[in-house]
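Here the chain labels run A, B, C, D and E in written order, and each chain numbers its own residues starting at 1.
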Amino acid sequence: MAILLVPLLVVALAVIVLVADLVPAGGTSRGLGALTAIGLFAAFVATWFVPSGVAYAAYSNDGFTEAVQRIVLAAGALSALASIDHADEHFPRRQGEYYLLLITSIFGMTLLAGARELVTLLVAFETMGIPQYVLAAMHKNRKTGIEGAVKLYLTGAISAGITMYGASFLVGTAGSTQLAVIAATPPDAMLAFGALLVLAGMGFKLGVVPFHMWVPDVYQSAPAPFVAFLSVAPKAAAVAALVRIAAHAGSSLPGLWAPVVIVLAVITLTVGNLFALPQTNVRRLLAWSGIGHAGFLLIAFAIGTAEAYAAALFYLATYVAGNTGAFFVSEAVGSKVGDEVSGWNGLARRSPGLALAMLLCLLSLGGIPFVAGFWGKLLLFRTTWNAGYHSLVVYGALLSVVGLFYYLKVARAMYVEPAVDPSPIPVGRPTMVAIVLAVAAVVGLGVAPGGFWDAAVQAGTGVELLERPQLAIPEAGSPAVLGDFPLRKEKGARPRQADPGVEGFPFK
Amino acid sequence: MNGLPWLSIIVFAPMIAALIMLVIPAQSRGTVRILAVLSTVVSFAGSVHVALSYNTAIGGVQLRETMPLLPSLGISWNLGVDGWGVSLLLLTSLIIFAGVFATWTLEDRDKDFYILLLVLVAGVFGVFVSLDLFLFFLFYEIAVLPMYLLIAIWGSSKGVKEGGPLAFIWKRFDIGGREYAAMKLTLMLLLGSAFILAGMFAMVESSGIGSFDMEELQRVGVPRDVQMWVFPALWLGFGTLAGVFPFHTWSPDGHASAPTAVSMLHAGVLMKLGAFGVMRVGMVLCPEATEVWAPVVGAVAVINIVYGALGAASQTDLKYIAAYSSVSHMGVVMLGAATLSVDGWNGAVYQMFAHGLMTGLIFALVGIVYGRAHNREIFQMGGFAKAMPGVAVFFTLAGLSSLGMPAFAGFIAEFLVFLGAWSSGHVVWAVAGIVGAWITAVYVLRAARAIFWGEGPPERYSHLSDAKGVEWVALVLLGGSLILFGSWPRFLLDYIDVGTAQHLLSIGGGQ
Amino acid sequence: MIDWLLFAVLSFFALGGAARVVTSENLVHVVLYLAVTLIATAGVYAQMDAGFLAAIQILLYTGGVITLMLFAVLLARRNGGSVPAEGHTSPLRSLLVAGLVAGLSGYTILRGGAPNRAPEALSTAELGRVLLDPLALPFEALSVLLLAAMIGAIVLARRKDA
Amino acid sequence: MTGPGLDAYLFLAAAMFAIGLFGVLSRRNLLAVIVSVELMANAANINLVAFSRFGVHPWGQALALFALALTVAEVVVGLALVILVSRTHGSLLAGSLRDLKE
Amino acid sequence: MPLAALTILLPLASFAILAVFWPIRHTGRPAAWLSTLTAVASFVIALLVLRDVAPMGAPPELWTMPWLVHGGRVIAEVGFRVDAVSASMLVVVTCVAACVQVYSLGYMSHEPKPALGRYYAWHSLFIVAMAGLVLAPNLLQLVAGWELVGLCSYLLIGFYWAKPSAGKAAVKAVWVTRFADIGLMCGLVLLYVETGGFAWEGFSWANPGASELVAALLFLGVMGKSAQVPLHVWLPDAMEGPTPVSALLHAATMVAAGVFLVVRCWPLFEGAETLLVAMSWIGAITALVAAITASVQTDIKKVLAYSTCSQLGYMVAGLGSGEMLGGYFHLTTHAFFKALLFLGAGSVIHAVHSNEMGEMGGLRKKIPLTAALFAIGTFALAGFPGLSGFFSKDLLLEEVAHGGQWGPLAILLFVAGLTPFYMMRVYCLVFLGEPSEKSNHAHESPLVMLAPMALLAIPAAVLGFGAGSFGELLGHEYHFAVTPVGAAATVAGLLGLGLGYAKFGMGQLASLELPGLAAFVRSGPIDNAWRLCWERGLLPVARNVGWFDRYVVDGLVNFSGWITLEAGDRIRRLQTGSAHDYLYAAALGAVLIAVAGVVGGVLA
């Protein structure tokens, strides 16, 4: 069971929070947030201590799983931290449920990160998604809050229907729910149809155009700390799911959908950036820009090499840092002055620290050196370049420049415009800590990306099914495979991959 | 003394000062300025020390500092200077030192201003001493980015009349406004960076070396077919910053809107980064493509010279005149580079230096004039020499250097470039360049006369005063340097020449 | 032949019910037609020897879901919602997409690809074993999900803390 | 000729899926939309069971079982949302939810 | 370092002190004395240098140091080259400069102290530049000096910078001369390209055809500096500067630099036959046009300016004959008598506070010394037998005749008559006749002004007798002899004098007007042509470039931004806010992906 340690820890945390919620604690439930944050952080730390291996043939803990889990848990812990003030202020009597649902969603993600079997994958996918519908509606008394949640729900429901329908073809063609088997099945019309439908369904969580339309509405109306989480974690998990489905030696799936994904990526990049241009609402701006980022992630996914997965992971990490940071600041600032960019005028004079944090996060999102996003884009572009998609790199770079236009618009409001009200904006301590942590990550990843990159490469090559002798897939009626069987003895002793390009310097 | 990592010190001095400023309170204006001056003095002293320690008899890259930075990506902290680097380090430290003094009287958010300024200059220093291509790019970006805020916050706006075939654009953009200018500058330059990045990747990838080490890259060589498109990419990328036609249009608006020290630094040093990039990265690393593309580069450079000069002649706004003049003069640099000859390259680097000093001085003066008169229309001025004789003198000095008067640094540079152009067989280039120098004389003298000469000054300028206090430091330093390096070019040419020899040898030129 | 007849009848009810679900103008009717479809579908399961699933479909799914939906209709009406299903919005484009999907699915099915062996009954015991071993993990996860969904629904629907 | 083959069931499912999709896309009433989603999910399940039977393996049925549960969970939340909407907006019309837009 | 170096270094020290230490400059007279002393010292040194200099042909005394070193070799040096040509010119320059500086002590005494200091600083700089030009060991240094004297000219013309006309004149001078310098620079560069250096002798041409081209290009520069038609237009305007400046720069030395360049680079010009013919014609036409224009001017300095122009044409035409001695000797004599004339004019202006000859008259009695000295200058310029101008003009015309260039010769002979005519006109209008109102208040200038004039009058009168030794120094035989050409010129000169006196010296109310084309000439047709080039040529081109850059090039840049933003705005309407559209988009997307699969053959 040790392999399942992380999901189990998260479930345990859910139980603890559930119980703690029942215990009256001086009339306040603030502690729950701290508890959640600490618990998630503990799970985050625990990812370093989990043995690699496969549990129940349904879940494998490998480098990739761990990386995705770390991203998700970090985002979750930060969001929980930043939620403390928000929840206490806006829905003090629903805090227990709020954190519980957050944890459940994270549980789904941690499971999804390692799911190597379709049932597990789909269940984890829904476990991740369904609590989010509720979380998005946490502002029950706001009409917009409900509206956003309904839009999220409806798009999610139709996506789930499409996914399930597509999955049925996958299972039917392959005769198994094991992803390895599905991926190894020679493609025919039915498999391809199913695979493309699953891809479309997954696109919803990633916010890929044209499954993206809920994104700005939900980002605008849902609780900001939750949005910070929503904007990053599901993307990581969805990428993980797609990678799991696609990653297999000789798998025809990536080849099957690579052209489609490339087209989607280009459309997503374009639409995300174009829509972001005219935005005057910070949250909608971040939403559209997030759609643009999803386009970048798709590119990595389309390339489908271990190096590309590494680049995607790294990109996700930088995106998590920058985007959560930006949303935390927008939570702190937006709750006082609103989310319209004009309300942010003169923030640099009112609260220089907040403005600096926001600036760094925006620069990171824009891909500026010495903050995290630069390396994310850089490594992604390099991978894309090496894969031969030269024009895609140029186009991506072009749109990065377009992106700077709207990020700088916010920067302009904060730094250039005069403040109407010079008083500093009060920020609660937990939110402050969350912001500081996010910004530290932005700067840390930006200044010293080396170690993180190495870790990402390890994780990217560590996808269990990638270029690996096929594992025994339990067929119906075969003797049950109980417990864990280790894939490797210890960390670091993993056999080197055949592709020399993914280790060390990747430019050959 | 020699044991110290001087290059790193030069780069980090402003950076550290900026970090310290971050934490000190904004009210302590004196401390801010002392810090700024101290850090620039350190950099200046460092540059001088580097220049003195550099042995021109040996040449090549000296004062190396190497330390692995991101080994897995093949990036290392690999610094060193060649002859070009020495001279451009000197230029940068001179300009920033003067720039700090030129903005001494700034009152609005001065701390933020100096922080950004110092970060920017650290980037500039970094570019000139980087031997690692990636480091080069990073520093390049650092140098480019603070510009947005510097212009958007401390800049000045001036509307441009709506018109032309694309008049509907005015509905959306406040053309001539400082935010417009800042945004245009940033976006155009970053678009250029995208090309640079692509070119960088392509070179490193195709050469098959495991790192961004420029010397290694140069030794191994980039395949010819890759060079053939990488060079134009780098030329356009870096060239955007160097004001290469038709990607120069950020420059007039940007320089016109920027505050004094920023204009000084930007026109004085940053545009040189572009030209330096084209030569140091583009030409040196892509020698074969350079030979093929040089005629294009040269032809465009000639357009730059004449077009920029005519543009300047068409303007009546002082800052726009100075800005177009920079476009024209950067054309001289690019022309020198395109000749692929000793004369031309020496001239190009010398022009970087000379134009840096000259335009730094010009913008400092423009800042002083504008700061007192609050007007930039030259034909609404007149007789200012009465109130500000010192400014008039230094303006004349800068103008003379600009139009290529012997005994001023500009003459040496332009003359060498013309020599190079003609002797490499491009007679038309040389003649066009010389004609450009004449047009320069036309507009520079017209401006000087309109501002400083004549009756006046008009009634509303009764409060004008000459430069005062520390502002003189900037003027005297830059003006003096113009004459020093114009009268005795060997102070600088000895350094530039070894750099040229080293690089020109590598591209197989040097006839 | 009898199988075909049965299939035809079940399909008629399933699809007919479905068609009424998307066309009926009364919300209560909509829900009831859904029940028809679901029950007919259970019949299809049973015809495919998936008795366990058919039972689950009728007992838990149809029973539970339909009841819930009826409650929802009533609650919504009390809150000012209306029972009429309020017709369709832009039915033509919806028809187009639905038609495309049907066409594509049909095309795919005709192209074939799935293993198509002689049908053989699957014992419930075997299904159970699968659920217990390889699928134990999702099974457990599902319980967490259901709990969360329940809590979520309560959070949303309860009036007190609004 | 035994009975209906795999294709027959798949066609049935496809038809149901298409009908469900039509309902989702065209029904004005939110509750009706959710009901239509059920049709789509149901179609998927028919597929799964059919594949399970004709492919002779338990995985289809197993997944169908899970799918049922997932659908229930989804519907539960969906219905709660619908009730909430009726409370805040006084209507179940999807068209009444148009405060958030560009 | 040769002794001659001091003629540069002393004024340089003076200039440096005055330029850098502004309190000293602002003291006024002490600053003036410092500068003047160095100028006088330079003159004395120059005389010493001339005494010791070897005649032409002997190896020159050279002292150089590398200045422009690159590519491992010295491509240009700076230093001093003392030979017959440079030594003689050096004496002329320093002599006139010293006289003018002394003269200015009186003439400029009413200037404010800082302005006076500034004036003398520029004067010192001028000597530095001019001596640097004269002593240049190579063409590059010569050109550097050439440009720097141009700079001094600019600064000194603009000395009264508050006067709008002075500003315009100063700028115009640089515009025009630097326009001509385009040719000069091209020639210089071509010289380097062809010969690998900047020397004017001691090499062989790799490409013989280039030789004449280089010379021609250099001559373009000469035309600007030495005010040859049609590039002479700046010189009359340059009279906006203080009169001593006109005497030094715009009469005696700086404008003669062009002629000096030809003399200096004689090896380059010698063989350029076509060019020499062109030079003769250009010189002759300049002489004629300027002389005619001089005849109708009412401003005394303008007359002298056109006269200078005319005489420079003479010199150029003389050089075009293929012999340099005549032109060079005329340069020398002209420097003295024209400087004398200008200083005399300055003295007059000092006395009556006006430039207009119509406001003068009858000054002979009021300022007799000035009148006498001015008369010497006038007669020297007129080529009155025995005075310096007579000999130099004779020599020059002789050479032109010898060169067989009859067309230019005819013109020059005509001008030889015209020159005395307009000079006599000036003399009559200023010194003879009835005193005007202003004349009545005139006072003789102080000694400090008269003494330098007297000093200049000596060579102006007697230098002609040194023609032989001058020729000897430059390696040419010259003995005066009466020739038909010389006789014709003398007759023409005397005729001109007589005619002028008859026209302006007899009647009390002699009209200023010459009949005929006076009005046309006075309107400045060539000036107008240039103005047209500026107003209809360069300025509109520049404006169009400015417009093009702002509205087309930048317009396109903005347009790319505009189209992006516009697209963002337009596309935005797709986000309707309707949940059904969201669902529709998602469903359609999924379907299209599947359709793409079919179309792309994936499903097949």
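Definition applied: contacts are C-beta pairs under 8 Å (C-beta built on N, C-alpha and C of every residue); 3 or more make two chains touch, one makes a residue touch a chain.
Bear in mind the structure is a predicted one, so any value in this text is a computation, not a measurement.
Common neighbours of chain B and chain D, by the contact definition above: A, E.
No other two chains have as many C-beta pairs in contact as C-D.
With centres computed from Cα atoms alone, the innermost chain of the structure is B.
Centroid to centroid, with C-alpha atoms defining each point, chain D and chain E lie 96 Å apart. Centre-to-centre, using mean CA coordinates, chain B is 35 Å away from chain E. Centre-to-centre separation between chain A and chain C, using Cα means, comes to 31 Å. Work out the mean CA point of chain C and of chain E, and you get 102 Å between them.
Counting partner chains per residue, chain B has residues 187 touching two or more of them.
Multi-chain contact residues of chain D, defined as those touching 2 or more other chains: 13, 17, 20-21, 24-26, 33-34, 45, 50-51, 55, 57-59, 62, 66, 70, 73-74, 77, 80-81, 84, 94-95, 97-102. Residues of chain C in contact with two or more other chains: 89-90, 93-94, 97, 101, 104-105, 107-109, 111-112, 114-115, 126, 130, 135, 138, 142, 145, 148-149, 152-156. Listed by label, the pairs of touching chains are A-B, A-C, A-D, A-E, B-E, C-D, C-E, D-E. Put simply, chain E touches chain A in their complex at residues 561, 564-565, 567-569, 571-572, 575, 577, 579, 581-583, 585-590, 593-594, 596-597, 600, 602-604. The touching residues of chain A, counted against chain E in their complex, run 150-151, 154-155, 158-159, 162, 187, 189, 192-193, 196-197, 199-201, 203-204, 209-211, 213-214, 216-217, 256-257, 259-260, 263-264, 271, 274-278, 402, 405. On the chain A side of its complex with chain C, the touching residues are 4, 7, 11, 14, 55-59, 91, 93-94, 97, 100-101, 104, 107-108, 111, 117, 119-120, 122-124, 126-127, 130-131, 133-134, 137, 140-141, 169, 172-173, 175, 188-191, 193, 474, 476-477, 480-482.
In the complex of the two chains, the chain D residues touching chain E come out as 21, 24-26, 33, 94-95, 97-102.
In the complex of the two chains, the chain E residues touching chain D come out as 572-573, 575-580, 583-584, 587.
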